[in-house]
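Following this message is one structure expressed as structure tokens.
Residue numbering begins at 1 within each chain, and the chains themselves are lettered A, B, C and D in the order written.
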Amino acid sequence: MATLQDPIELSAPATSRGTLLALRTALRRNWLHFVLLPLMLFWISPLAWIIITSLKSRTEVFDPNAGILPAVLQWGNYPAAMAVAPFGTYLINSVLATGGILVCELITITLAAYAFARLNFPGKNILFTLFLLQIMFPIYATFLTNFVTVRELGILNSLPALIVPFVASGYGTFMLRQAFRQVPTELADAARLDGCGHLGILWHVYLPLVKPTLIAFSIIAVVTHWNDYMWPLLVTNSESVRTLPIGLGLLAKSDSGADWTRLMAATVVVVSPLLLFFVIFQRRFVDSFMHAGLK
Amino acid sequence: MVTGPALRARVSEAGLAYLLLLPSLVFLATFTYWPILRSIYFSFHDVVLGSNKIYFLGFENYERLWTDKLFWKSLGNTVFYTLVTIPCAITVALLLAVALDSKLRGMTFYRSAFFYPVMIPSVAAGMVWVFLYAPGYGPINSAIAALGLPKVEWLYDARWALPAIIFMSIWKYAGYFMLILLAALQMIPADLHEAAKLDGVSAIDRLIHITVPLISPTLYFVIIIGLLHSYQIFDYVYVMTQGGPADATNVLTFYIYQNGFQYQDIGYASTLANVLLLFVGGLITLVALVFGRRVHYLGR
Amino acid sequence: MAEVVLQGVSKSYQGKPTVHAVDLAVADKEFMVLVGPSGCGKSTTLRMIAGLEDITAGRLLIDGRDVTHAEPQKRDIAMVFQSYALYPHMTAYRNMAFGLLKTSSLSKPEIDRRIREAAEILHITHLLERKPNVLSGGERQRVAIGRALVRQPKVFLFDEPLSNLDAKLRTHMRGELKRLHKELGLTVIYVTHDQIEAMTLGTRVAILSDGRLQQVGAPMDLYMRPQNTFVATFIGSPEMSLLRCAMKPNGSGSVVSHPAFTTHVPERADAGEILLGVRPEEVIVGPADGTALACGRVDRTELIGSEALAEIVVGADRLVARTPVTKVPPLGAEVGISFDMERVRVFDAASGRVLSRL
Amino acid sequence: MSVKSTISHISRRGVLLGGAAAVAASAGLRSRPAYAAPDKVKVQFMYPVGVSGDINKLVSTMISKFNAAHEKIEVEAIYAGSYDNTEQKVITALGVGDPPATWLPINSALQTFLGLDALADVTDKAKKTDIYQDFIPGFLETAVSDGKLYGLPFQPSTPVLYFNADAFKAAGIAKPPVTWDELLEVSKALTVRENGELKRWGLTIGGGWHDWIFECFCRQNALVPWTKDKVLFDKPEAVDALEFWVKLVKAGVMPPASTWQGSANDFMAGRTAMLYHSTGSLTNLRTSSPFKVDVAFMPKNKTFGACQGGGPIMIAKKQSDAAIEASWTFAKWMTSTDVQSQWGRDTGYLAVRKSSWETPEMLAYLKEVPQAKVALEQSAYAGAFLQVPGYHKVREYLKSALDRTLAGEIKPDAALKEAADNSNREIQRLLRRRS
């Protein structure tokens, strides 16, 4: 990645009165780091704790005399955590369910957001409010009825049951509508003159231009549904359709205090794919559309 | 005034719009509106989870609400939570987004570091913070002691439990808002900033007078989403405090969950959910009225 | 052949009329400029021609074909937008090719040939692989024009294409556009709010105000013979001064009396209030003696290169006079003024219409 | 649930719900084994995981063993989350008339399920076996209402007093407290403050379930603070128990509030010298604490007293006789001597049968972990926990009263009176509804 601060420049040999000057320059150029670094350290300390704890022995976790780092790295916590449930199957199911939700959502919100952002039709405001209802109504209050519906559809205890309630997204529609409205209308006009219909404009102009928002939405949608716990627990029975958070729930039980070392190991396992996903996609975020210059 | 073909064009535009909305609407109708309608119906009835017997109650559930101290307490907690969390989280997120919207060295790392809390499953995050907040030996108390401040019992103390959850929520959600704002910042033409820089406008003025207005649609979105999310906050209360101590952390969504799933009192839970819906709806209308008009869309 | 005819074209938004029954015929190879202050309906008219706005009433013919309700891409037109509307995610080349790929059945090599040719004409061959965000304003402008050129449409529509450029570049591009129009024999409809641009570019100029067509004609024609006070004051810089006078018929013409002077004009009408229209170059400034028509006091002077402008207070009115730099009257001086009576115009004060000369 | 009924559902509702039909079409992805051998009875078993993630594995192993040994029965074990989650899942399924054949809730839910008319009465079946003789009476009682048996206790637990043996030794205390008075004294002796700042509490009562522990205190005052249709929190014995808690807090030896997770952490971190927590936590506390953990009876006042957590295996009423019979076979097997002996040793739960405690393996285990024996002995004084209708809400009322009292907001008698009134009103509401 390109950097504005050239490291060589910073450590450039100090000329006669240069040392102080260089230092000051370094400070001025890097002041942001001086602010961000402590904040960042604070931010990641829980993660550090998660990782460290996942490698401790059980007695080390709370022993005030044991020191921060584990005496011996207990890699065994990982297989031990994975042994409580078929995490491999859970992982596949999580990927399928989350991926399924994401794909469905991207389709429905793109279409709906375009209608709300760029088309005129009677009842637009009312319909938009109706879309927002989805976010306004507490999700737990829908579980009972949706459980009945899912059962009537005959998809209880199956992957589709994990997906269907989340296919439409008032949230995503709202987010994308805001982004679409940021795209200059002249571009759409130009595309019309270039022979695009509405769907052509959507595909060739709007979608490429709101890529950062699409990526942001995807990241958020994936993270949200990756961690869904209550709904999957309610509508699935078989190991073969269950997802990772349910496995995590096994280790974070209420009766006897958490199984700290293994819970943290499992947390690392559950979060890693997400972190990887994020690191990859946030790069694209920057590369492809750094200030695309919409004007 | 409208002639035939023009009218036809307009009708076909509307038709297309409905067609585009159809997929969403089918699923919303099935999995959102239907539950809401049922919830309205339930709220006038005595409905017990697990039983098929339903008795008509009229407005009894709503009357109960008036005298239900816990409802008012949880409503108060929710409002407090929202009023503190949203402005704080969004401010932090905005500053982070602006700071990280540059080609700074280690950018990927910074962004990941601020965003990762969103990814931690709430069960695990809740547990970790239970430890961080632990009295005496917890890292946060150790840090406070190092600064020479009096230690706090956090989750064990009715005065501090909710602020503790708020603080952790900011940690958990600032990155989330940051990401959305970052996406919006990517769409601001760079030359606008460069022009202002050449004009000698200070960084803070640039933030207030250029960045904020330009991303105002997204900011507006984030405020609304933040509001909605804060009313959905449930997981941390569930994992960390179960609403205690002395109901200090009982928020509306948790109370709805308790009534519906623990107490099996679906009728009352539905009533609460409906009231919450009305309340949030009113709040959003308010926000839309106050902020919505000031939103500046680049596209128009 | 490319001819655009607007017959009573009107537009209303939610019942509110914004363009009133515009009749306009644009001839083949003509450079027609639509000009007027912002909000006058010129852009809306252009967008109706493009097909980006519905035509509420009236007909639009291109080349004799009724395209009132045709889709934009079926009208055989191309448009250059104020902000260029280049697709930010496509290279200049792709931007130019996109429309052709979508609407025409041209072969890839043919498209490529056209793009290279247009790029050659516009001197942007070296920019073709770049994306808009690394191009300068002028370069984007050329790419936008190139995108229109490659389509080889019957009509080119320009919507204030130069307003985002700095003054120097604007002058340069004006010349370029003129050259292109001439060399390639294009039919152009061009919208601007800048009357100088209108006067320098247009073979004919249509002036709009409040959604109504005020006057259409060659630039000099509009300058010399404005049909009403709006056109009279809109064209020309600094603008024409209007002096409120009373008029009485007298002989073959009329007597015009202003508090500061009385004079005779050849126009003839019933007694009433009129506005006497005088352009700065039609004011003759001399010594304040008996030879002058009226006396005034110099309130402000301004140097504009080889000439100067003097604002003179005459009675309750102000008028602007153009003088050579060497003869600028000192501030506050009493001067005598006369008018080039051959050229001054008389407008009816109530309707703003010009009174015809007999 | 047969495939046939599912298909008819699709055709009926799937068409109704237009767009969702696409989803229904993909119902082929359903993973539930669509058929079983026709002569096999399928039994679903929903269970919570309360003490250790390994329970999932243990249960799976037990189920495979059972299935291998029973040709005509196929049990499917379904992990259903916490006790709360399990109850919710079962009740939700009950609501649509499709409950699992068997499940494992917390014993307090007995009246809740009875209120839904969901439980098969197994009294007669049990009488034909040695269940009434061999089960430890305190445990069996948790599945009894009006003299009828509605399930077989499977994994009972009670609160016990955990103490940090190293801290005791350091303070020169020879043995754990036996009476409330001693508890207060020992707590005082174990509390450590440096420059006015607290370093270690003498005692912590695990929060979140402190209402459960409070009932034990009531029972130690010779009061069972509930009957099947009302609560008795406002009785003097209960008020006295709460006043004792207030005394502990005022003496500065016990924190006024804690959480279930947090209190266990506190104990392991040496933040508190004694802890009231579930027997279910024994393994975790024993293996995770960097010091020697010992267990004692909860101290007595008028008497020793405890109450049961954990739960029985319950059997759904509305199913075929064959299914009930199969479920009964399964429940019986799960609570048989050897299975219970193994289960108790693996998890720290108390084995429900007297005979289980006499198996050689168990005797060997007790030699190694003598602490396990304490809970068993204490269970002689134990009864069921708050088996009233709507117990969840009653628990909330009680917890709120306890919290506010310990926080000093309200007097014990007023708080308990209020909690009792609210609870009884709620119970009456539910009972009225039932009739």
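As a working rule, contacts are C-beta pairs under 8 Å (C-beta built on N, C-alpha and C of every residue); 3 or more make two chains touch, one makes a residue touch a chain.
Computed from a predicted structure; not experimentally measured.
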{"item": "Comparison of A-B and B-D by number of C-beta pairs in contact, larger one", "value": "A-B"}
{"item": "Greatest separation from chain B - chain, by CA centre", "value": "C"}
{"item": "Most central chain, Cα average position", "value": "B"}
{"item": "Rounded Å distance, chain C centre to chain D centre (Cα mean)", "value": "87"}
{"item": "Chain centre separation in whole Å, for chain C relative to chain B (CA means)", "value": "53"}
{"item": "Between chain A and chain B, centroid-to-centroid distance (C-alpha), Å", "value": "15"}
{"item": "Distance from the mean Cα position of chain D to that of chain B, given in whole angstrom", "value": "35"}
{"item": "Residues of chain D engaged with two or more neighbouring chains", "value": "17, 20, 84, 88, 92, 95, 208, 261, 265, 269-270"}
{"item": "Where chain B touches two or more other chains at once, by residue number", "value": "10, 23, 26-27, 30, 49, 127, 131, 137, 190, 261"}
{"item": "Residue list for chain A, restricted to those that touch at least two other chains", "value": "62, 64, 143-144, 149, 164, 184, 209, 249, 258, 260, 291-295"}
{"item": "Complex contacts: residues of chain A adjacent to chain C", "value": "184, 186-187, 189-196, 200, 204-205, 208-209, 291-295"}
{"item": "Interface residues, chain A side, partner chain D - complex", "value": "58-66, 81, 83-85, 143-144, 147-149, 151-155, 157-160, 163-164, 230, 233-234, 237-238, 240-241, 246, 249-251, 253-260, 262"}
{"item": "Complex contacts: residues of chain A adjacent to chain B", "value": "1-5, 7, 32-33, 35-36, 40, 43-47, 49-50, 62, 64, 107-109, 111-112, 114-115, 117, 119-122, 124, 127, 130-146, 149, 164-165, 167-171, 173-175, 178-185, 198, 209-210, 212-213, 215-216, 219-220, 223, 226-227, 229, 245, 248-249, 252, 258, 260, 263-264, 266-267, 270-271, 274-275, 278-279, 282-283, 285-286, 289-295"}
{"item": "In the complex, chain D residues that touch chain B", "value": "17-20, 84, 88, 90-92, 94-95, 97, 112, 115-116, 118, 197-199, 207-208, 255-259, 261-262, 265-266, 269-271, 390, 392-393, 396, 399-400, 403-404, 407, 409, 430, 433"}
{"item": "Touch list for chain D against partner chain A, complex", "value": "6-7, 9-10, 12-14, 17, 20, 23-24, 26-27, 29-32, 44, 46, 49-57, 76, 78-85, 88-89, 92, 95-96, 98, 157, 208, 260-261, 264-265, 268-270, 277-278, 280-285, 287-290, 309, 348"}
